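Both complexes below contain subunit A, partnered by subunit B and then by subunit C.
On to the complex of A and B.
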């Protein structure tokens, strides 16, 4: 069934289709529509779930962890300040191996206060052990949440589905809402092998010594790496049911490209349009959307960029004192390749500036030919800096 | 140990990592005896998260989850929600935190759960300081007590936070004080709380010989003296409205309580009458509440 919905509404529809059992959340702009819709869906009896209107994001994630350990499918959503406030519990959820799925609406961090799109909030959580997926459109949001539960429950690891503030949260698009019966087959109920159970008592999260600690963390690291393959497999399975593919990377015109523009989130659509424009100028450019950032989709990235000599990254985020966070990730991967690949890193669109074709084309020209207005800071070039 | 007879399993087995004379171990033992097997324990960082045992050992045979310090009440409420949506409305979810995890870092989550009246039993085993990290001051440390962050050169000046008053102000169905020095009263209150729904809170007094600097064999005696001296009176509050005094033994002076504990040495030497006055005032305030609540 086709529906015209905003990204946030698509997220709520997915949570309903996933038959989530415990939803615990604290409101924050621009996530609010998700939790408003969900409390209404539960209130109307359309979803048999407990809605916990908790007093903070820290408690939202804490109660999701508790619910998940009790064997229930759990969900929360947050954004920006809320996400960083629950930082401790993000580490805890991954360590406790609970397959919680959350939606983060990528919004700038204060100060100064700003409600608009920026990826620093979630990229700053990349070491917490969560799988991280960045959506391109509302259909991607809905489908990715369903795939995320499937993957999370196989790996016993939490997954964060990210969507751009306003560009995605508050933009209405036509979305194909899958049939509940088909979703139930793709995503059966959560049946954990281990949970809090008085008939089978176990202790979770005890103190342990360094030797065992190391082994537990090693196992978790291996399992986190496996999320890439699990996602691709689940995405293919999902495509079999619903005829839509959501891979970990999405390449455009990269086969013969010398230069590849890389980014995450909604701006990757404009990157593809910029590729078309630049190809008209005779430049052999392609683009790559990294849908997954944790684990880094190494296989998909290497396949798509095998023949590329120049990588141009547009980060909507920054690690202060270093450079764009996606640029750092790419440099780490490229270092292992033992090939002479050039990387130009831009920071653009932070705090909500639009990353349009008109933004991207001059940046690509600056990266290739050296002339442009982006301001230099260390190894990074910043677009749209006031004079 | 007659309470063990007929049980399928012992809920608190030998081999805990507590200090000699630890009041918090007695607190858990009495509580689990009262609650029985149909219990899940949620505990944050604190003495209990280490004295339960180092993996793969544990001294408790009920399900336990160790959680982040500030998150106890929220995790417990989540566990309850998770059980409840799967049709289990009988299991008691026991949130078990020390005074730091209750009065201080855990208070926001606790207040949130209490305001929502989430169906959990929250018990604070109060040893009046951050004892697991080495005897630092908490907001449950009484005025005049030595700790490593309120040294003799700068003893704690502030009163102990009135946690039961705070919890009663949330109008939860049940809030009470209890002591390991009054085990029958304690078990009665835990059983009463178990049979109620909503947020139930018990402030459980549990002396710490290591931190309070008293002889380990005096733990129960010190707890009794705290009740007798009215420093830790026993009472219940129903729905935040009805205050009811529990049976209280004959009154003794605070000096009898203070003198066994080296943490009060300086106070006992210099400021003991002031201490007595404050205890008398608090006791009178409590009596007034109990009388007006009848």
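On to the complex of A and C.
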């Protein structure tokens, strides 16, 4: 059934379709609509779940961990300051191997206060051990949450679904809401292999010496790497039921491209339009949307950029004192390839500036021809900076 | 560090870090700088009771269906409960914390119900000492004094020049003091404490050869004999509440102005004075025979009164309202009514095994003992977080600095 909904409403619908059993959340703009919708859904009796209006994001994640350990399918959502407040528990969730799924609405971190889109909040959590997926549109949000539960419960690892503040959270689009019966077949109820059980007592998250610690972490690292393949496999299965594919990378015109524009989130749509514009000018440009950042979708990235000589990254985030975070990730992968690939990293659209075709085209020209207005700082070029 | 017994390969590692092993080896008790102390404290009602009756404890016994032990306990602190249950001005009720929630507990009505049951009770008695004590006068002070001395093993004779026992109580109007109740109460008292009561006896200290002259110690009951009776030579006035010891074999308890002349509503004060006089008499006899007397109460060991701010009234719900008329209802209460009232008791300062502390302890370090009669702290593992003390609705668990 098609419905016109905002990205946040699509997220709430997905949580309902996933028959989540415990929702624990603290409201924050622009995530609030998600949890408001969910409390309404539960209030109307459309979802049999326990809703916990906790006093902080730290507690929201802590209670999701507890609920998941008890065998429940758990969900939370946050954004920006809230997400960084639950940082400790994000590490814990991954270490405890609980298949919690959360939505993060990518919003700038203060100060100065800013409610708009910026990816630094979630990218700063990339070492916590969560799978990270960045959505392109509202349909992607709904579908990715369902796929995320499927993947998380196979791997026993948590997955974070990210959506751009306002561009996605508060923009209405037509969304195909799948049939509950079909979702129930794609995503059966969570059957934990191990859980808190008074009749079969065990201690979770106990003390462990160095002898076993390394092996436990090694195993977790291997399992986290496997999320890439698990996601792509689950996405194909999902496509079989619902005829929509959500792979870990989305390539556009990369087959013959010399230059590839790379980004994450909603701006990748504008990147594809910019590719069309630049191709009209005779430049052999393609674009690549990295839907997954953790684990890094190495396979999809290498396939899409095998013949590319110049990679242009537009980061909506920055690691201060270093460079754009996605640029860093790409440099790490490219270094392993031992090939002479050029990389130009831009920072643009932070704190809500629109990354439009008009933003992207001059940046690509600057990257290729060296002439433009983006200001240089270390190895990054910053767009939209005062002269 | 634990050995990796049983886990030899990656495939054997549980995916979720978990173990079926115990964490008892991790003795976190030495992290603690404050220790939870589980100790009953004096409830405000008991603290205000002239006779110091541990009210919540006997109400708990009643609540739990142990009527007999409730009555035993009551009698151990008050040998005349049928009379106090009718006459006392019940200062206990003035301090009842329950009034913050709805209305005070009618402690006196419950006391009267329990005392009127008249069932046989057993009182713990000391072994026979072979000493004889004569109590002259059978007023409430004399009877109380005789009761305790009898319970502690002395051979006690109560002598009253009048034909009816009860001393000053006999002079009250029948509406105030029912003579049958008085007679029954005295007969229970003398039976329990194995006392001999002689009424209509002419007490003449100058004519030896009678009971008085054979006694090792004589007590003159100010609530039993008229002030006309001339105190014999050698009698020493002793204030039961203020004086530490009685240095004479003839003790004449001296009452403060507020207890003179005799006032029936103050009966619990006379009972307390009787018990304190008995202690002094017991110590005097023990001292004379070279035996050890009752240890004087060490003020540090006396139970503290619970801090009423520690009674967390938010844990208790308001009971179904009982019409004021019924609450004030004259006369006796039946079992159901008394039980309902006893159930309203908050048990201030007195553990009633609600186990709130046990369920809230994050480290399973406060638990029921093996007999399931008390809550104990596992000192090897308790970290001293204080949640038990915070959660205890009754002020029983407190955090204390304990050295060593």
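Quick note on the criterion: the second predicted complex is superposed on the first by the 387 of 387 C-alpha atoms of A that agree within 3 Å, B and C clash if a C-alpha of one lies under 4 Å from a C-alpha of the other, contacts with A are read in each partner's own complex, and residues count from 1 in each chain.
Everything that follows uses one rule, which is that a contact is a pair of C-beta atoms (placed from the backbone, for glycine too) under 8 Å apart; a residue touches a chain by one contact, two chains touch by 3 or more.
Please read all numbers here as calculations on a predicted model, not as lab measurements.
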{"item": "Joint occupancy of subunit A by subunit B and subunit C, clash or fit", "value": "clash"}
{"item": "Touching partner for A:307 - first (subunit B), second (subunit C), both, neither", "value": "neither"}
{"item": "Which superposed partner A:193 touches (first subunit B, second subunit C, both, neither)", "value": "second"}
{"item": "Which of subunit B and subunit C A:62 touches, first, second, both or neither", "value": "first"}
{"item": "Which superposed partner A:48 touches (first subunit B, second subunit C, both, neither)", "value": "first"}
{"item": "Partner chain(s) touched by A:205 [first = subunit B, second = subunit C, both, neither]", "value": "both"}
{"item": "Per-residue contact with subunit A, leading partner among subunit C and subunit B", "value": "B"}
{"item": "Single subunit C stretch clashing with subunit B - from 26-34, 134-142 or 278-286", "value": "26-34"}
{"item": "Contacts on subunit A seen with subunit B and repeated with subunit C across the two complexes", "value": "69, 96, 201-209, 212"}
{"item": "Residue numbers on subunit C that touch subunit A, as the complex places them", "value": "1-2, 4, 7, 10, 13-21, 23, 26"}
{"item": "Subunit B partner contacts - residues on subunit A that touch it in the complex", "value": "21-22, 24, 48-50, 52-56, 58-60, 62-72, 74, 88-89, 92, 96, 196-198, 201-209, 212"}
{"item": "List of subunit A residues in touch with subunit C within their complex", "value": "69, 95-98, 156, 193-194, 201-212, 215-216, 218-219, 223"}
{"item": "Residue ranges of subunit B in contact with subunit A within the complex", "value": "37-40, 42, 49-50, 52-56, 58, 60-68, 70-71, 73-86, 91, 108-109, 111-112, 115-116, 118"}
